Amino acid sequence: MPTTAVLLIDCPDRKGLVAAIANFLVDNYDANVLNADQHQDAALGLFFMRVEFETELPCDDAQFRALFAPLATSMNLNWKITFPARPQKVAIFVSHYLHCLADLLHRHQTGELPCELALIVSNHESARPLAEFYGVPFHFTPVTPATRQAVEVQHLELLAANNIDLIVLARYMQILSPRFVEAHPLRIINVHHSFLPAFTGAKPYHAAFARGVKLIGATSHYVTEELDEGPIIEQDVTRVAQSDQLPDLIQKGRDLERLVLSRGVRWHLAHRILSYANKTVIFS
Amino acid sequence: MPTTAVLLIDCPDRKGLVAAIANFLVDNYDANVLNADQHQDAALGLFFMRVEFETELPCDDAQFRALFAPLATSMNLNWKITFPARPQKVAIFVSHYLHCLADLLHRHQTGELPCELALIVSNHESARPLAEFYGVPFHFTPVTPATRQAVEVQHLELLAANNIDLIVLARYMQILSPRFVEAHPLRIINVHHSFLPAFTGAKPYHAAFARGVKLIGATSHYVTEELDEGPIIEQDVTRVAQSDQLPDLIQKGRDLERLVLSRGVRWHLAHRILSYANKTVIFS
Amino acid sequence: MPTTAVLLIDCPDRKGLVAAIANFLVDNYDANVLNADQHQDAALGLFFMRVEFETELPCDDAQFRALFAPLATSMNLNWKITFPARPQKVAIFVSHYLHCLADLLHRHQTGELPCELALIVSNHESARPLAEFYGVPFHFTPVTPATRQAVEVQHLELLAANNIDLIVLARYMQILSPRFVEAHPLRIINVHHSFLPAFTGAKPYHAAFARGVKLIGATSHYVTEELDEGPIIEQDVTRVAQSDQLPDLIQKGRDLERLVLSRGVRWHLAHRILSYANKTVIFS
Amino acid sequence: MPTTAVLLIDCPDRKGLVAAIANFLVDNYDANVLNADQHQDAALGLFFMRVEFETELPCDDAQFRALFAPLATSMNLNWKITFPARPQKVAIFVSHYLHCLADLLHRHQTGELPCELALIVSNHESARPLAEFYGVPFHFTPVTPATRQAVEVQHLELLAANNIDLIVLARYMQILSPRFVEAHPLRIINVHHSFLPAFTGAKPYHAAFARGVKLIGATSHYVTEELDEGPIIEQDVTRVAQSDQLPDLIQKGRDLERLVLSRGVRWHLAHRILSYANKTVIFS
């Protein structure tokens, strides 16, 4: 059975990159390229590439690393190889708004999000029925100011014990500590219910209604130590009708949140996102 | 020949408003309602109404004011009556980017912007050929730090001498003084090349590119003393392609600027905009 | 406790309509207008109005009909009065694609679709777990060419026995007979997975992919005897990426289907839709 | 001074394509790849590639053809090489609606459409002032049923005498003969004022208004012998407001027409469009 792998590269742009990489894959793996996409950041002089290839020859992480290292070093490549055959393990954190969770669970069931949903963590009990219906282990970890630190330790242990690859904050209303964030670089995806960088912080729909914007938005992004400042993965907007009151914005916004969060998770799982300079490249 | 008038009302919401206003128009003018639209702000308890009506009976500004005053006072209405038959006089201010100007001039020529284009004012000579081609008087008023104040006086005189109703800043890159702004409340429309409130101030496309947003926008708004903080009239966005570099954003943005500015001007000319609480109501 | 009612009107446009209706509501019900919206079809000379009002005075269907009839007759009004306090009863028909069903069930649970979900009917067993999880009675009625007529009789009896107000076809892949459709005029909402009138009939995503369109869409509409030809309620589109293959279109389309169907159902339940000339008016 | 070239390829998908092409460019031209984009049609098993490269070595059409032919033959490539340094010559055909023409002329002036505007042809005199203002030779060729054939001969001679590379139909309301179309395969871009394949033929806004669609669109496409059936280049849509009457649709549609036509022309001029199976690939 052939092996499928995804190679992600970012590096200073220079002549001969594509030829060198293409030759490497042909010479070492007689590779069949399933998808390839490349981009540049002209201002920073950077080159980005994603190649998804198939090979009948032996190919695993250690072996690829050994073979590819000399070329990567000589061309100054940042790179990552992944093997989609190993399903990633995902934890979803959620509070009392369940629309994103319900959406992710249904998409997972229909095969749209190929991963193992290993955990649902919540500071409320309200998500338990959905978790049980879809057969995902549910962990109720209520948070108070006094227990915040202990709960976080518990979360870190849960994540480690389950070898979690990706944490999805599906409207999780607790702020993560720097320690937690640093432990999962580019491995936490959040949905913020505004068109970032507009309306950072709490109650963005209220702020949008007060400002009188004519479109509202939602954003999925990687979580970094700066709140709402991480690399943006996806954004979408919808028009505010003149008759819309605040509850209407909140309702319309829920649809945007579902869309941008599920797209972000799907692209992450497909290794289609590369981050640099606090931005993202989304490969097709 | 019948008279057409537009009545704009905002007031505290209360029972019987629509009946009282409708009866007034029937009883005094045997009015034929061409268009009516009403809205509420539930949070602030406000009611907004626009009625465009036609009457065969005598109806002019002074006479309407006299007849309507008692009802308006008793119901605590803020209101305005206008008569579209009198074309509004418009001045366009522009610097060296001419795409919005060219767009407005062509739309005016095709009848999409029913008004009298009385003046084009610029601190550059580059707009002169377009102004002359479309037959609009052109005023070249170069600005230096030393002449800024004198030029502003000159502008104020020009506007007054021409009885200008509306000033359109079609990518005019000079900051207006508080005195100038105060003299024209809700009579200056600007286009800002971002999705406000994101990326206020200078070089918003550069800021958007640096932040890595996935959509860029443009906004038309009334100018108030706070830069980029006035009531938003219209906004639109377009998707950033992964391959887009900064010049691509600037080019895509020009299309958004044309759209949101021309819509704002058209709606203002049709008396379809009402402003309250630093927001706008756009009537259909 | 006050009574809330929604009055929908369509009629030939003429002078004095708004005043007459507003006066009627004030004089008979001392009504507090919660929402009012009116539109015209200039080409056909028609006027459309929706008034949602509250009254402390007695107001029920029979009594309103008696009081309103003389005015309605004299002004040639088509009209309908409804009382939102009585929740409408809804049946959902579904086949093996469950994304719209799962979406409607979650929206109903969160209060976004105020109605009683009385039945889920399917020609497959696959929807049963979702129906049971959300506590909606599930009826498995497999269809073969030989049983088609008998099954339809069974459906009609089920609908009648449950006093169903609205039938939602959430990707129900069976064609309804003229008898079934005629029995439920403007009471069956379907979602078609294309931007109608493009790509009517079977496999619209395949047809869209083959034609090479740059946007795909979905449409919710009332079902009439002509397949895919009923009054359009809502449509939305999304951009096709150059890398999208047919399965990508199908996946993107599912998001559109959810959106347009749920909006259509919500607007219908709020009595915000009026149909005329095989089109719809959507009131705000 | 380096030479810049664009290589467009479509061929059956197979292993080693990218490596072979990349190696060819490195070995023969020590090429610096400025942009590369590739796509697949999985259903048809086709591969599409666009490479824009720069070389300091000698590179012209004849020489490239000679060097590349063996590889192209062995790998069964359809291909095309173009040299952007030679500006393409464009003819615009227009009737009495001038909004697309005015838009194209302004975009050309600002450098957004790098080409030589060689001709404007019209069956009306109304475009003459714009043509003269922007300095483009104007040819008034009125058409009657009796003169249609003679006028077409005149057009063909004009186009040939001016070595026209691309014909843009900017709302040209005359139907082209099969002979004319066949003479310019994939070299005529038309804008149709609907979201194709909906509302082909005459008066699409009227048809859209009558059908009650909730979004209207516009389409730019290559002209083939089947009216409105050629490969679609770009489409866009905008929402119909409930209050919109037919003239509002026509006005909103003009903005869409400008956008989709100008994008189509810009992409064609940048050799970013490849056509196969009556569809287009748009390279980034």
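So that you can tell them apart, the chains are marked A, B, C and D in the order they are listed, and the count of residues begins at 1 in each.
Throughout what follows, a residue touches a chain if its C-beta (ideal position, glycine included) is under 8 Å from a C-beta of that chain, and two chains touch if they have at least 3 such contacts.
Every value quoted in this text rests on a predicted model; they were computed, and no experiment measured them.
Looking at B-C alongside A-B, one finds more C-beta pairs in contact between the chains of A-B. The greatest centre-to-centre gap from chain D, using C-alpha centroids, is found for C. At the interface between chain C and chain D, two copies of one sequence, more than half of the residue numbers in use appear on both sides, so the contact is built from largely the same positions. Here the C-alpha atoms of chain A line up with those of chain D after a rotation of 180°, rounded in steps of 5.
One finds 38 Å separating the Cα centroids of chain B and chain C.
Chain A and chain B have Cα centroids separated by 42 Å.
Contact with two or more other chains is made by residues 35, 37, 40, 242-243, 284 of chain A. Contacts between chains leave no pair untouched here, as each chain touches all the others. Remark: chain B residues 39-43, 195-199, 209, 211-215, 217, 231-237, 242-243, 245-246, 277-284 touch chain A in the complex.
The touching residues of chain C, when paired with chain B in their complex, are 15-19, 22-23, 25-26, 30-33, 35-38, 40, 239.
The touching residues of chain C, when paired with chain A in their complex, are 35, 37, 98-99, 102-103, 106, 110, 112, 129, 133, 241-243, 251, 255, 259, 284.
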